[in-house]
Amino acid sequence: MSSLQFDIAHLLAGSLVLISFMELYQDRLYALLNVYAMHALVLALSVAWQAFVQDAPHLYVTAALALVFKAIVIPVALHRIVVQLGIHREIEKVVGVGPAMLAGMGLVALSMVVMLRVTHDSDPLAREDLAFALSVVLLGLLMMVTRRNAVSQVVGFMSLENGLVLAATGAKGMPLVVEISVAFSVLIAFIVIGIFLFRIRERFDSVDLQAMDRFRGERR
Amino acid sequence: MILDFAVQGLQMLLVLALAPLLTGFVRKAKARLMRRQGPPLIQPYRDLIRLMHKDVVLASNASWLFRVIPYLIFAVTWVAASLVPTFRIGLLFSWSADLIAIIALLGSARFFQALAGLDVGTSFGGIGASREVMIASLAEPAMLMIVFTLALIAGSTQLSNIAEFMVSPAVGLRVSLALGLLALILVAIAENGRIPVDNPATHLELTMVHEAMVLEYSGRHLALIELTASLKLILYVSLIACLFAPWGLKPEGAGIADFTIGIPAYLGKLAVGGFLLALFETSIAKMRVFRVPEFLGVALMLGLLAVLLRFVSGSL
Amino acid sequence: MSFDASDAVLLIPAAAAAALALLPGYRITARLNVLATLATFVAALSMLWARPEPGLYLRVDDLNSTFIVLTTFVGFTTSVFSASYIGHELETGRLTPTFLRFYHAMYQVLMFAMNLALLANNIGVMWVAVELATLTTVLMVGIYRTHEALEAAWKYFILGSVGIALALFGTILVYMAARPVIGEGLAAMVWTNLIAHAAAFDPALLNLAFVFLLLGYGTKVGLAPLHAWLPDAHAEGPTPISAVLSGLLLNIALYVLLRFKMLLAVNPAALAPGPLMVTLGLISLVFAAFMLYRRRDIKRMFAYSSIEHMGIIVFAFGMGGPLANFAGLLHMTMHSLTKSAIFFAVGHVAQVKGTQRIADMGGLTETNPLLGWGLILGVVAIAGMPPLGIFMSEFLVVSSTFVRSPGLAIILVFGILVGLGGLFLRLNTIVFGEPRGPTAEAKASYVPLFAHLALVLMAGLYMPAALVAWFENVAKLLG
Amino acid sequence: MMLTVVLWCAAALLALAPLAVIVAHMAKAAPIVYGLCAAAALISLLAALKQLLGAAPAESMALPLGIPWVGTHFRIDALSAFFLAVVDLGAVTASLFAIGYGSHEAAPSRVLPFYPAFLAAMNLVVLADDAFTFLVSWEFMSLTSWALVVSHHRVRDNVYAGYVYIVMASFGTLALLLAFGLLAGPDGLYTFAQIRAAHPTAGFAALVLFLALIGAGSKAGLVPLHVWLPLAHPAAPSHVSALMSGVMTKVAVYGFVRIVFDLVGGPAWWWSMVVLALGGVTAVMGVLYALMQHDLKRLLAYHTVENIGIIFIGLGLALAFKAYGMDSAAALALTAGLLHVFNHSVFKSLLFFGSGAVLTATGERDMEHLGGLIHNMPQTAFVFLVGCVAISALPPLNGFVSEWLTFQAVLLSPQLPSWGLKLLVPGVGALLALSAALAAACFVKAFGVTFLGRPRTLAAERAAETDQFSLAAMYFLAALCLVAGVLPGLFIDALAPLADILVGSRMPVQTGVQWLSIVPIAAGRSSYNGLLVFLFIGISGTLAAFAIHRLASDRLRRGPAWDCGYPDPSPATQYTASSFAQPIRRVFGTSMFRARELVEMPPPGDMRPARLVVVVRDLIWDAIYAPVAAAIGFSADRLNVLQFLTIRQFLSLVFALLVILLLVLAIWP
């Protein structure tokens, strides 16, 4: 493949990582949702680009899915949930932005190191791509862990899953990618619906605020 | 063979006959040392006979065991005593029980005597029994340690062989022997309930040990118990004599003629032993019951020390 | 592709699921449920004789046929138990007929998913199946709609989803590793090809993949510290589901893990998966053993004991070698049977006493002798006492480990001992002492319970040569 | 041939267990089951004796059970035969006793099924010839006895005792498991034949010794692993207590002997020091514990600990002599130990039966509530007395013989070259002597307080003689005590083949010696003749009685007790068990048990009675077991926090693990 294609794919993947960092940085819910929409958008682009590069038409489906579902439907839905459930607008963090950022840096570095150990005969695009995907996954996980806020945790999970899709599409000729992305979209839908059904205002930790202390596993 | 039987029989009768005499002798000697007239030597015999002819008054709730025990302990002690060489080594049945067994026999006697103390269910019986077993629980190990010492020196636990070895010049003077003798004397005093451990003459309740145990006995039973006590005394004296003063002990196969030396020698030893005992008793005061463990602890330590010496070196 | 046993094992549950979703009335549905599982079991048995050819998607070999027979069997017995259990639930009104219909359908879906995961010859399909199984169990755990149940289901769901994601990433990595060697497309995800060419894969990718798979599927296995969902899911869901979870689902996840372990084992340059598994196994064992002491809920306690035993099994496979692997397989089988048996007993106990709080139970051997002694027998078995099967596997594990690495064996023994202490501590209060709580006779069939225990007992004393040969092959496969 | 017979007996016993489950609720269940048990055990006993006395060659057999590629191996050689005889002797008498005793059982369905299984397990342990079979039977033995211990489960203490027991038992089993793991090697050569063939390195052998000491010792009740024993043995029904104390501990000794003398191979000299020290401490600690007790069955249980100590002293000496190739001396020491195994099994069963009879007659185990039973239960009292004399190692009964032999072995040990042993052995000898003396004291207390004196409670006053079966069993054992005491030569000779196997030498043949006396080493050195001593005592006693009754008086009057002139009608003024032990408690207990006497004297005018409380602490429990329990509880509490984390916190655990693993990969060479 030509270096241009390579660079563009690279650029998109890299910007995905960047946006993950931006998510990590946000401390307002709406802003976070918007950033996430952007995240999904970039993902859609990169998937589309992969589809074009690998001329694998079925990947366009995934791209479309990412665009429509993740970039539009989910953010809007979450937006409304936030409004309807009257969730606090700001995000409660466990660790401050600074440390979170540093940790994020560390994770990216880690994923790079881990991936660069891969022998060079496997094609470089895949390798770099995979490195970015890994960092996106880790950043998403980091976000889930460092945010108390239910919605932001969902966002974290979704960007994690974006990382997966990135990796999947990056893996040339990988079967079932579309099915998997669909499956994940369903999963996310479940989570969002769950949040709405169980009226989880603030946290994943519990089904509702009163329940939180009383019903976490065994009574103390 | 016949002779051996005769000798064994003679030995049995001898100790039985001499036992009260020794007791009487010690009493007399004590009295004299205290500037008292004292009872005649044969007083113990008189007492025994008088007691024998009295009725037995049995506590209402005394059990069959209570009535059997006097005979039992008498028999056991007598057997033990008759196995200790007095005037002649190599008694016919000496091999039927070695020194350890003799000690154990005395142990059985004590076991039953203590039971007798508990049978009627009076508080004094209890006091006596519990103190007796406490003393015994220390005296017996000490005694066994002494036995070990001798056995290791003589290379045998057989009383005759030990005595034989003691007669022989091979003995020499040994530290372990000295320690053993000392320990043996302490144990003997405790075992026979003499001052300072116990006072055979006392009837002051709280100081009694042996007397408290036999408090409920009367008549022939009491006589037997008294006799047993005397037998035990003579046993220990002759034990010490044959182990540490074996002179005049005739070897196996000696004829009648030799007894003219053996028996007087034995009587002499008894006299000396009795006198020393009396002397010791008059010159010391009885100690509190809970000093006794220390007294016997000393004996045990001495015995153990002697054994250790024997273990680490053949010559000590 | 011609229809054969392996298809049957999949189609019967699928069809049954559809049917059960439609049919009303719990008596019929329960019976149908039993019938379907029985049919599945028979089909699975038939596979032992007529083994289907491996295809692109499905395959049957020694390893998974062991598991399939076990799974379908326990699935069958559990459905029998569930029939009587559910009846009681309906009477007490904890479940409505609608939910019941849903329950039975889900039960079959679960069976389908597990069989699929076992039969799959394609790591993608394998992944999908495991996740399907997870999601179904999530739904069933929440079926009582109590706060605790929803809480447990939710926890299970979230942790599960993360596990799903990690496992998928691992799968992708495996594909990436395979692609340069095997070439693009479906072929690079077919298990048989993978194992054939694994030696040539890029070790670094394989290592990375294994890390993600270990975490992803390890969450399902319930290895500490990934176990969090397990105790609550067991405690709050319907007992038949607890039995299936402990007895089967954990095994399925472990099976998948083993498949990937084999991949790494083939590749000389890749890092040995053994130490990782041994470490996680020991952590889970000791951790769970200590957790047993403070349990107040009977089902949660046995859930922790499942974690403990998963620890032992993973440890055994981590140690490797013919003896340890054999022991691992044996332990896995015995644990499924015993643990599901225990949950059968526990289910009846909870129904008799009307609670799951251990403090409210007592003198069970007095009030319900059969149930009480059944429970004791189960606990004795799970505590690894002869003459029951688990003793044999623990004997093999410990004795084979001690010479190779004494330190590990000491930890293992320590964990086992601590766990035993915890189990008996609680058992005493349940079965002995003055009777406490209601003493109604449980209207239930003890057949599944004692059938399982009988099997475990038999395995402890005598193992059929065929089974042994089979296990030994598998042990060799696992290397 | 014999092997098949005994195996069939064991199988019959096993088959009896499920049968018992079915018949348990029938009226005549107990006699039937126990009768069948007795029959099976008797056959097995006879077979074992034939094997042992006939000096038949070892037989072995393999069944396709257990670990598939190993199979289940059984073998009967002299060692197994001897212990099998011990086991089945106990089994026969216990079953016989139980035919009567068992009819008083409140919940037979909790005893009957496990009893035969327990017997079968003990039989199989001594027959097993491969590690797996051995351990299965071993742990099965623990399991069944556990079920019997908790049979009276409504008593909280019993359940607690069962808990401590099952944990300690599993601890021991796991230790043995590790030991066999070492012996079998990495490729799992589990049969004893293979183990014998493979000679472990010195380090491994030493490790095996320690593991065997832990494993077998914890079952036998070696201090400090004895804690479960005085809890569990008394909790079980008395015939089971008898089996556990008299027989199961011996099975443990068998395990130790089999591993250390047979399987491991040549011992190192210092092994004996460990064993001797443990044995000596155990002997004295056991009897001191016993002296502090006033629960009859617990007292007996602690005496089991003591006797185990004595046995291990014998075994330790045997190890020492074996290590230095002094085979004949080793044979003597070993024979002494094994003879004590037999003797103890006999009189300990007898004593537990007696306590069982007392228990059924009065419903009391606490000696403080007994007394005066000799009047209502003369026969039980008599046999119990025989047992007491025997266990106190007093001539002419059997307990004395084995201790006498042990002393003889001790007296041989100066020839040992090692200085460590030269210093240790005398001390151990002193401990042995001390324990013997204290045992006598303790049984004066046990018998005196229980059977003599005046009844302390109504229950004791109303007691009635026990049933015929129980008496038959007890009389039989009492007779055995006497026979083994007066004719020890026969038993010593029976043990010769064992010595041959284990130390490659045997004691001189005793049956030929004149007057049936025993001569362990040489006539000149030491000899003992129980028969003559017995006869002498009998003759002179009757002689004296006869003479006195003839020549003096045989008149007898009954009167109230004199008691120095102020007898007290209240039986409460008698010496109780604790007051009897008070002097010894003051001598030994103050340091050993921190024994303290708290006197609570109310002020004048206060109507409350004054109270004296004796506080006795078990330092071993405080020093070892309490801390362990506390540590486990502490860590359980700490870890329990993990049950209550939030989902996010759990996720962070997962995340942390992931990062750690990735780091590992990153720095992987």
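Descriptive notes on the structure:
To keep things simple, chains are lettered A, B, C and D as they appear, and every chain counts its residues starting from 1.
In this text, contacts are C-beta pairs under 8 Å (C-beta built on N, C-alpha and C of every residue); 3 or more make two chains touch, one makes a residue touch a chain.
Because the structure is predicted, anything quoted here is derived from the model rather than measured.
When each chain is reduced to the average of its Cα atoms, B sits farthest from chain C. Should one ask which of A-D and B-D has more C-beta pairs in contact, the pair is B-D. As a whole-number value, the distance joining the C-alpha centres of chain A and chain D reads 69 Å. Taking each chain's centre as the mean of its C-alpha atoms, chain B lies 78 Å from chain C. Put simply, the C-alpha centre of chain B and that of chain D have 35 angstrom between them. With centres taken as mean Cα positions, chain D sits 44 Å from chain C.
With touch defined as above, chain B holds no residue shared between interfaces to two or more other chains. Among all residues of chain C, those that touch two or more other chains are 154, 158, 162, 204, 208, 231. Among all residues of chain D, those that touch two or more other chains are 643, 647, 651, 658, 662, 665, 668. A list of each chain pair in contact follows: A-C, A-D, B-D, C-D. Residues of chain C touching chain A in their complex: 124, 128, 131, 147-148, 150-152, 154, 157-158, 161-162, 164-165, 168-169, 172-173, 175-177, 179-180, 184-186, 188-189, 202, 204-205, 208, 231-232, 235, 295-297, 300.
Chain A meets chain C in the complex at residues 114-115, 117-119, 121-123, 126, 130, 133-134, 137, 141, 144, 157, 160-161, 163-164, 167-168, 171-176, 179-180, 183, 187, 190-191, 194, 198, 204, 206-207, 211, 214-219.
For chain D in complex with chain C, the residues that touch the partner chain are 64-69, 109-110, 131-132, 135-137, 139-140, 143, 150, 153-154, 156, 159, 162-163, 166-167, 170-171, 174, 177-178, 180-182, 184-188, 190, 632-633, 635-637, 639-640, 642-643, 645, 647, 650-651, 653-654, 657-658, 661-662, 665, 668. Taken in their complex, chain B has these residues touching chain D: 49, 52-61, 63-65, 71-72, 74-76, 78-79, 93, 95-98, 100-101, 104-105, 107-108, 110-111, 114-115, 117-127, 129-131, 133-134, 136-141, 144-145, 148, 151-152, 155-158, 161, 203, 205, 215-216, 219-220, 223-224, 289-290, 293, 300, 303-304, 307-308, 310-312, 314. Chain D contributes residues 643-644, 646-648, 651-652, 655, 658-659, 662-663, 665-666, 668 to its touches with chain A in the complex.
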